[in-house]
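The following pair of complexes shares a single chain, chain A, combined with chain B in the former and chain C in the latter.
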Partner chain A sequence: MSDRMRIALLLAPAMTVIVVLFFGGLAVGVMRSFNWMPVIGLTEPNLDAYRAVLSDPDFLRSFGLTLYISITSTLISAVIAIAAALLLRQSFAGRGAINLLFQLNLTVPHIVGAIGVLYLFSQSGFFARMAFHIGLIARPAEFPALVFDPFAIGIILQYVWKEVPFIGVIVLAQMQALGTDYESVARSLGASRWQAFRHVLLPLILPGVLSASIIVFAFTFGAYEVPLLLGASHPQALPVLAYKTYTDVDLAARPEAMAMAVVIALLSALMIWAYLRATRARLRS
Partner chain B sequence: MPAFGPPLASLFLSGVHDFASGEEPTHNEAQGLKSVPSLPVEYHVHRKCSNVAHVMLDICSTYRTTKTTKSGVNVMRILTVTVLLGLSTAAPSLADTADGASLVGQDWEAIVEMARGGEVNWFMWGGADNINIYVQDFVGTILMNEYGITLNQIPLADTVEAVNIVLGEKEAGNLDAGSVDMIWINGENFRTMKQGGLAWCGYTDRLPNNALVNWDNPVIANDFGVPVDSCEVPWNRAQFALAHDSATLPEPPRSIPELIEWIKANPGQFTYPAPPDFNGSVFIRHVFYYAAGGVDNLLGDFDQAKFDAAAEKTWAILNEIEPSLWREGATYPTSINQLNELFANTEVAFTFNYDPSQFGIAVDAGIYPDTVRSFGLVDGTIGNTNYTIIPFNSPNKAAALVLQNLLLSAEAQLEKARPEVWGTSPGIEMDRTDAAAQEAFAALPSHPSVISAAELGKAALPELQAGWISAIEQGWLANVGN
Partner chain C sequence: MTRVLLSELTKTYPGTAAPALDRLTLDVPSGELIALLGPSGCGKTTTMKMIAGLLEPTSGDITFDGRSILWEKPENRGVVMVFQNYLLFPYMSVADNVGFGLRMRKVPKDQIAARVTEMLALVKLPDLGRRRPSELSGGQQQRVALARALIVQPKVLLLDEPLSNLDAHLRIEMRDLIRGIQKDLGITTIFVTHDHEEAVVLADRVALILNGQLRQYEVPDAFYRRPADAEVAAFFGGKNVLPGVSAHGTFDGPLGRLTLPDGARPGPGLLTFRPESVRIGPAPVNALKARVSERLYLGSRTRLRLTVGETVVDAVLSPDLVEGIRPGDEITINLPPGSLWIMAGTR
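For the complex of A and B:
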């Protein structure tokens, strides 16, 4: 057996799963999004579903909301993560314990985090109850709406809580690999602490921050469970809207649901491409 | 949807009996309407099953059932039935009572004698052990001991399978030797049976226990908006109720107009889940009935003109109360669980459910306070009924009649109402039964937080046909929930 043959055989199980399940499902989804569903008599592919979806104000509002959630969550997470990494790379008493605490919620599933946000920040949650006991509010409705709210504060809170350690760990590893030599040189040549960070360290860690942020953006754009649990009834995040359309009693809505899913997939593909470019830039640096 | 033929329509909302989990059927029945179309895999299987050559239909259904049946005994039963079906043409059964027309001419004693020593194949959803035990042990034992009839319970994952068998038999020309003698059914599957001429009709007044059924009740006389027309016999009921905390709100509003006034006077303390949540959708239908000036005008097929008139008023009412809802109506709960959570945390003053026993369960679990009580509305709340039906080509109609009559009896309905047996609401009027049965029924342990089915049933409203329900849901999303 030649080496190529052996490699092909060894890869076969994994590739079968990827090709058949992933690309198979993707292909069926794409076909249905083009209104091609012979089983219910749709045999002439067309772009009706895309036309309907892209001209639907509900879809556009959902798209805008999802974009807003992803961008805001990613930006806030990245800023806090860099700040945290700067602190954590210094040596201080109890650093090990703090480091562990910082990374602890990496293992907590998003859905658990979402329930936690609900219990803490809802109008009858932990903080609302505290506010009631110290006399700040008299009724649940007087507590600011932080979940199911139009600004998606609850959703963003959950993502920030979950993604700060993710970006932070990557950035911290990068900072530790770089060491402090470059910054020391800059400082010895008269740069302020801020200048040393802004012009020396930040450009060095930027590719890492970027690639981690792209992963976070792509994930939050396609995630379903957090906006489902913490989002308002209208507009809904794109994945929630897509699933709702998919489960509509009217089977004719299926192609539109698939068109939405394809839009989400396309955007994620774009993110993967951007991620690959960013990583290559990082390797070059 | 209009492009699809009848087979698809029949499986489309087949979920009325698609009890996917082991939960109590009355509850699931309600949910089923929504759940089936969301399962694309099921859809393909159905499609395949309903489109293969007619001869294949039995095998197809048998395969599906076999796959989803836990017990090997049940599989054997299905195979036996299928084999018997094949043999029955060669050796005619001893007591063939396929001729329904001549059967209804007989008196009851003669029908019982014709049924004696025979068997009856009852196809029913089989996903809940307590129901299977009730049917096999309690009903099956009486049927054997008192009438010598063997009860073959054929468990299904989805009632549409049985409907497809009957449909396939009819198309294959099997008009008097079908394999299905009785089906547990309601909603869309009943409509398919009736539209396809698959049901045996016009016999229900032959059953002695038919006197216990209140056919004047629209919830019983109509099965999801389709008139029953003596084609099926009621078995159980489910009905919508609201819940409030009697400690903070001793006198809740008891009609839709009163509730609307209450909401305006108490801003922020009421909301309802957005459709497609099933319970939110039922709540909106109550407002829709009120806006339409009653439900009588809405029964039957979907009517765009009638819908438009009532819908306009409904959206006006719901938009008018919106600023007084929880969060000023800027958002709605997206599931009944979210509403229950808001109610448990006293953010809102009401929750509601198609299955009022849920309130008692939540109180016992410590989620709601003990002071929670439930109530119906003076103009009635929406209920639905599930039934047993006899296919037109059943060769054991006499035995099926005896079984239906037994199921309607005070004894069988009482046993079924026991919380430890099943706890479902009777399909008959218990106050029409004898004193002993009434006494025993009244003595059944009840939960203080759960309104009794009898109390609730005093004012009941029928469900609408599927066309109405989806039009109301879509109209709400476009006009209120945006």
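For the complex of A and C:
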């Protein structure tokens, strides 16, 4: 048996699982989104589901909300992560402890973080009770709505908490690899501290920041559990809406759910493509 | 034109006992080109970074024209440092790299463009402004780094191992370029290097630092002819160091009695002379019988290892002077009194 054959054979079980479950599921989903479901007698593929979804104001609102959540959480996370990395690359007493704390929540699942946010920030949560006890508010409803709110603050808070270390670790590694010599050059050429950051360090770490941010954006755009737990009931984040539509008693709604899922998948695929481009640009430079 | 004075400059890094730099006092006259020479880890780069304001001294002072600059931020000192690995900003064109310092000072664009063209011409790289640094050779990158430094008209220019990364013919070209520009613009320039050849070909004066301390600060020639001590001589490749006693213009040591030049240091000491100073043939004074124990052809020169009695003498001579001399031969050599130098110490 040739080496090639052996490798192919050894990989076959894993590949079968990936191909059948992932691509199989994807293929079925895409077929259904085109209204092609022979089991219930739909054998003529068409674009009805997409037409219905794209003209549905609820879908558009959900799409807008999800986009807002993803962009806001990604931007805030990236800014905080860069600031944290700038701090952590310097040596100071207790840096090790802070670094550990900084990375600790990388291991905590999103759903656990979401429950934490719920317990801490909801109107019956820890901070609301504290505020009540010290007399800042008289009733729970006076506590600002940070969870289930129209601005999705709870969701964004959870994502920021979880993603800051993720981007931060990548950026910190990049800063440490670069060292501070480039900034020293800039300073001695007359750049202020801020100018050295803005014109030298930031462009140098941008590829890393960008690729990490793209991953965060794609994840937050497609994630389901956090907006389900912390989101308002209307409008809902796109993945929540898609799942709800999918589990609707009306089987005819399934193609629409699939169409939404395909939209999410397409956007994620676009992000992965952008990510690959960004990392390739980094490898080149 | 700026006179740079380092006084008692000391740097001790946290967590280390011995200072990386120990009370260095150095007077750099305005417009001169000075080499800080020493093995790696001797504190030279530390010194540069302190002058540039990238590192704070533990104690001591740095003054420019008599005024302390320790409290000035790096960007306000008028000191530009060119790093050994050039550190051109990779995402900028060559022209943008050169114009960086002026952009930070918010100089109008058209003025920057004109100055960039001028600087690229000065370092003999016209027409490369649009390239990326990665498209340039090492020598070209270094010139861009130099142009980027010079465009801000620094008072003091610091160069980190300016010739180390270059091959032999580029070294000479770069040396001429640096010296030419430095003399034309009259910028007080300090460069560090671990290579004594790099130091002597480029510098007006060399400051040799060993173990964080200044050992000798003089014109390059002095390190060959008049080394301060045996360690300095060894750093400059001097192998002929012999103990003995100097008195009344003569030196008694392993080579017998030798005639010294006028003004030689009296008392017990170490005699040294360069391998290049050894002459072949008889002479009225300091003639010695020597046996050739080894012969090594070096291309433009030939190295002979000789034994005079029990003592080994190293000689480097022009190949045509030693034609026909084989290991085992007995020859007469002489040491011109002017080439002999007595150092302190007894070994």
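As a working rule, the second predicted complex is superposed on the first by the 285 of 285 C-alpha atoms of A that agree within 3 Å, B and C clash if a C-alpha of one lies under 4 Å from a C-alpha of the other, contacts with A are read in each partner's own complex, and residues count from 1 in each chain.
Simple rule for what comes next: contacts are C-beta pairs under 8 Å (C-beta built on N, C-alpha and C of every residue); 3 or more make two chains touch, one makes a residue touch a chain.
Keep in mind the model is a prediction, meaning the values are calculated, not measured.
S.K.: With everything superposed onto chain A, say whether chain B and chain C fit together or clash.
M.R.: Verdict on chain A: chain B and chain C fit.
S.K.: Quick check on the superposed pair: does A:145 touch chain B, chain C, both, or neither? Answer first, second, both or neither.
M.R.: A:145: touches chain B, not chain C.
S.K.: Where does A:181 make contact in the superposed view: on chain B (first), on chain C (second), on both, or on neither?
M.R.: A:181 sits against chain C, while chain B stays out of touch.
S.K.: Touch check for A:232: first (chain B), second (chain C), both, or neither?
M.R.: Only chain B is touched by A:232; chain C is not.
S.K.: Output check: A:190 vs chain B and chain C. Expected answer is one of first, second, both, neither. What do you get?
M.R.: second
S.K.: Quick check for you: in the superposed arrangement, does A:124 touch first (chain B), second (chain C), both or neither?
M.R.: first
S.K.: Please state, to the nearest 10 degrees, the angle that the Cα centres of chain B and chain C subtend at the Cα centre of chain A after superposition.
M.R.: 160
S.K.: Looking at A:203 after the superposition, I want to know if it touches chain B, chain C, both of them or none. Which is it: first, second, both, neither?
M.R.: A:203 sits against chain C, while chain B stays out of touch.
S.K.: Count the residues of chain A touched by chain B and by chain C, then name the partner with the higher count.
M.R.: B
S.K.: Look across chain B and chain C in the superposition and give the shortest C-alpha distance you find, in Å.
M.R.: 49
S.K.: Which chain A residues come up in both lists, the one for chain B and the one for chain C?
M.R.: In chain A, no position sits in both the chain B and chain C interfaces.
S.K.: With touch defined as at the start, can you tell me which chain A residues reach chain B in the complex?
M.R.: 39-41, 58, 122-124, 139-141, 145, 148-150, 228, 231-234, 244, 246-252
S.K.: For chain B, which residues are in contact with chain A within the complex?
M.R.: 1, 3-4, 8, 12-13, 33-34, 37-38, 44, 47, 268, 274, 276, 326-327, 330-334, 342, 345-347, 466, 470, 481-482
S.K.: Could you pull out which chain A residues touch chain C in their complex?
M.R.: By the definition above, chain A touches chain C via 181-182, 184-192, 195, 199-200, 203-204, 285.
S.K.: What residues of chain C sit close enough to touch chain A in their complex?
M.R.: Result: residues 49, 52-54, 73-75, 77, 79-81, 83, 85, 87, 89-91, 100-101, 103-105, 134, 148-149, 152 of chain C touch chain A.
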